[in-house]
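Naming follows writing order (A, B, C and D), and every chain is counted from residue 1.
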Amino acid sequence: MPASRATYTFLGPEGTFTEAALMQVPDAAGAVRIPSSNVNTALDKVRDGSADAAMVPIENSVEGGVTATLDAIATGQELRIIREALVPISFVLVARPGVDITQIRRISTHGHAWAQCRLWVDANIPGAEYIPASSTAAGALGLLEDDTHYDAAICAPIVAAEQPGLHVLAENIGDNPGAVTRFVLVSRPGVLPARTGADKTTVVVPLPEDRPGALMEILDQFATRGVNLSRIESRPTGQYLGHYFFSIDADGHVADARVADALAGLHRISPATRFLGSYGRADAQSPVVAPHTSDEAFRAAHAWVDEILAAETLGSGMAANASPTA
Amino acid sequence: MPASRATYTFLGPEGTFTEAALMQVPDAAGAVRIPSSNVNTALDKVRDGSADAAMVPIENSVEGGVTATLDAIATGQELRIIREALVPISFVLVARPGVDITQIRRISTHGHAWAQCRLWVDANIPGAEYIPASSTAAGALGLLEDDTHYDAAICAPIVAAEQPGLHVLAENIGDNPGAVTRFVLVSRPGVLPARTGADKTTVVVPLPEDRPGALMEILDQFATRGVNLSRIESRPTGQYLGHYFFSIDADGHVADARVADALAGLHRISPATRFLGSYGRADAQSPVVAPHTSDEAFRAAHAWVDEILAAETLGSGMAANASPTA
Amino acid sequence: MPASRATYTFLGPEGTFTEAALMQVPDAAGAVRIPSSNVNTALDKVRDGSADAAMVPIENSVEGGVTATLDAIATGQELRIIREALVPISFVLVARPGVDITQIRRISTHGHAWAQCRLWVDANIPGAEYIPASSTAAGALGLLEDDTHYDAAICAPIVAAEQPGLHVLAENIGDNPGAVTRFVLVSRPGVLPARTGADKTTVVVPLPEDRPGALMEILDQFATRGVNLSRIESRPTGQYLGHYFFSIDADGHVADARVADALAGLHRISPATRFLGSYGRADAQSPVVAPHTSDEAFRAAHAWVDEILAAETLGSGMAANASPTA
Amino acid sequence: MPASRATYTFLGPEGTFTEAALMQVPDAAGAVRIPSSNVNTALDKVRDGSADAAMVPIENSVEGGVTATLDAIATGQELRIIREALVPISFVLVARPGVDITQIRRISTHGHAWAQCRLWVDANIPGAEYIPASSTAAGALGLLEDDTHYDAAICAPIVAAEQPGLHVLAENIGDNPGAVTRFVLVSRPGVLPARTGADKTTVVVPLPEDRPGALMEILDQFATRGVNLSRIESRPTGQYLGHYFFSIDADGHVADARVADALAGLHRISPATRFLGSYGRADAQSPVVAPHTSDEAFRAAHAWVDEILAAETLGSGMAANASPTA
């Protein structure tokens, strides 16, 4: 039934590493896939319903967008991260067939990809001029146009593989061979992925005041419940410099008692705290949970306190005159 | 109805500061009051039902018992503190009528009272010999016996006032004029005094292991919820030196959300944590509660988390294949 | 004397907001100013001595580079931040004289600037196509070339002011009118700006292990000495995902005792901690320093401990047999 | 040489467990040993020079004195703990020769000893009357006097062994067979026992203000340097209830860098912090010291900071105009 086909958008165009991330989603192959020219556009498509979810970079991206993603999901209409994806980053140098590496003078690619291949370029094509492209794929596809004003492009291997008109002159030209980029799939609220046992929870916590210790109070809410953090970034709120919010990834799912309890603590300290989602870790690595931070420990603890409090109805009358038997 | 008359015991005999503390309890005047020779005996009377409650010293006492009280309520059958009392401590020197201060050679009193009047004694009756008594009152009443082997006693003003056979030779002879002692009224579980807004909660927390940071973890459970501590003591468990429990007084009532939450945290870290009671502060001083640690802040925080979790039933199916609309 | 003229590089080309930041440096007007095409290139010029210092964005930049800056100064040959600069960000839309806003179809600018003007563009030139440029200035200057394939550019007001061939069609078209970007001036080690009383210190701290609490231990080194943090970001080390370093801005100067002590604490926990510099805050706002974290408090504290330790030479012999007078 | 003979005092009289603790000091056998009737008297003898050191109980004592010791060394003229001693506590029941256990009606001993033997007494001599004594030894020796008004005493085995006139009716009658009491040897300042590698440091820290978090700030000074605590007690200052000092035993010696650094931190937060001594642990158990809290880690950390600061003389001039080469 066509109506049930999902619509995904991603930081495009086709052929970017972000699309590679999207293709890791089980039903993406059969879904409608719409490229977006930047992260804000992609997220807006989710917000206005023209897409069901958007795949965007969240860390260390080749095509940029990290800061944009952090800021865009921290403000405006609420969104939810429902999945993360890791994509190995490797680059190839492509040109039109017949072009030799010695003939290359001008190379196009995204600025961040250019930065990540500079050692190789300096060593192999010294003096090459850089022509900016809005994405690695855009730079590569531009070579196929008639009026192109550059000789080569740096892009993902998949683009070269899919375009017979592109010839690979060199592979694995990135300066950091093991590079991996992290992406997240963002949807509207209303979807909470089931707990897998190897989950992450992302929150945005505005700093209540710029006072010594405020950050510690926030982090202490996690530490007190034994919740480890895998990412933290302070970001200026944009209102004026000096006011911050924290974007935080914590190990565990909001359905884990220790995470739920930590989130409640955050909400007390900073009531505008925003929950951005709990979702399975791409690396599927389960955290080590100490016995005293297990769901069972929380359940037992609250049962114990409830039992103490249950005596109150009984006792309050007597206590009024402090006489245990009056 | 006679059956409803309460029975209280206290660290006796009659005339001690502990009895003065007991007399602050509204219905104590009309109740049965039984002196006990030591703290353990008093608490055992509560445990076996022969008394409804026991008044015992918990801090800085003249007649001892502090350590005994801490240890006795930390172990054995559970008990509850349901009230605290503060008693100003002042001492008088008494003798039989006709005895002059220059004739005094031997003075009897409790060891702790002796320690607290030593400056005065050294200055006014140099060389006086100390005769130990099991309590200040016992020392004073001993003067009325035929075969007494001492000339004077140091006791509470009330004893002298009630005994025509005792003559006050000097008043306010304590070295620390503003001294105040704290006592607690202990009953069997089943009675939880109503929250007054100026309360204390006492707990005993066994240290789970002797590792660096274990104590900090325990205290952090209070700090994270903005709960102030007014007393903390580590006590060896008695099993062997090096294993400890902590006896802690925290501001607030277990019916305060911040205290309940802190107690749950303690229970997780140290499941043998013992709740010893929540009760009105004798000084009726209300703590300053920051907005983010108010009951309302806790209620709002948990409502927020519950709302997030409520989405799970909806979303879990979809999340299984990470497609938001499949 | 020409030899004494400083050489500065900046994330160029001329006309970028980064150059505006550089022009805030007192002697920049008379210095040699070399644009660099990206942050890595700029920093490499400092490292190899072809520039004395580089001005690069560190937070919230229009022309990118933030992540690149953080990562580039965290690794490789050591560098020092010696100054920060704040630049208000405002955008103008420029075209060649005679071009009307209704004629505009294609607009060039840096991707981040495009993102920051999208609301205005969507409202005023709906359907405009985006042509990426390597910087806002490059996009604007491209309009002056014969073979330009776009109609307008978004750039800093200063570029328009300096180029008679550019006509301003609209001013203040940024979506966030009060936007300010932070830049830092980076030099080789060997220069430590004098303490001003309103300083910042930047450090990079590799997380020793991914264990619960490691981040807290790091931050606690600051909290224990009353040092406030104004920025914190975890960054993957690049070696493999899951291993992190923290880039941290702390209030105060390494010449402040509390900061020096905190840094020593960091070094113990993470010996590869990198000091990136102490420098005056661009906003010249002095922090509130509690009396117990003042230089005087540190001096007095260490004097006190030293006095205690001075007794050791005296005492150690006696202590050997635990007899105080032997 | 007689002049070099040390003079020790102890919480007496002879035959108490405190004297047993004193006899563990290597040169005590050949020293002058003066009993004191209470802890204050003993410490005053040290303060006025009439004794070189005093052995007094600090924890869990049979003859009392714990609270007195804590308070007495926390105030007044400074003193130093130079040694600790552990004494196994076991009790015997003694009577005059010929007295049978069935004949016993009245038993004398110190109040605390009485409390610790009550289970045995209740089971074996039900209904026995308690006659207070100022010490266990005093009670036992009283049996040898003509006019004694009780039949038996509870005391340390050593008293019975040394007094042919006392007959042991029962051994090991304490309710807690493995009981051990901790004592400390206190001298005037000027003696700092050498570091053994298995040391304790005792401090008294007045709480600067009764604010939430003040206690945590104090304890954090230890935690931040990885110093474990083995004892902590809050004590009212005596001035008025609600003001506290903390008596703390920490693992390690002030000559350990981590302890010295923690002490400096305490002094900043609470300048009236009192150092009561560093001394070998009676159990000779060395703490586990993490590499990052070793002396070497502290030395390296401070060397690193010093190196950073050494650049200041060089750089300050240049930094004044923020130009690295001007």
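Keep this in mind: contacts are C-beta pairs under 8 Å (C-beta built on N, C-alpha and C of every residue); 3 or more make two chains touch, one makes a residue touch a chain.
Everything numeric here is computed off the predicted structure, so don't read it as measured data.
Common neighbours of chain C and chain D (chains touching each): not present. Chain geometry summary: the mean Cα position of chain B and that of chain D are 23 Å apart. In whole angstrom, the spacing between the mean C-alpha positions of chain A and chain D is 56. The geometric centre of chain A is 54 Å away from that of chain B, both derived from CA atoms.
Shown for chain B are the residues in touch with two or more other chains, namely 220, 223. Chains touching one another, given as pairs, are A-B, A-C, B-D, C-D. Chain D contributes residues 4, 6-7, 25-27, 31, 52-53, 82-83, 185, 187-194, 208, 217, 220-221, 223-225, 254-255, 260, 263-265, 267-269, 271, 275, 279, 292-293, 297-298, 300-302, 304-305, 308-309, 311-312, 314-316, 318-326 to its touches with chain C in the complex. Listed in rising order, the residues of chain A touching chain C in the complex are 37-41, 59-60, 64, 66-68, 86, 111-112, 114-115, 118, 130, 132-134, 138, 149, 176, 178-180, 182, 210-213, 215-216, 219-220, 223, 226-236, 238-242, 244, 246, 283, 285, 290.
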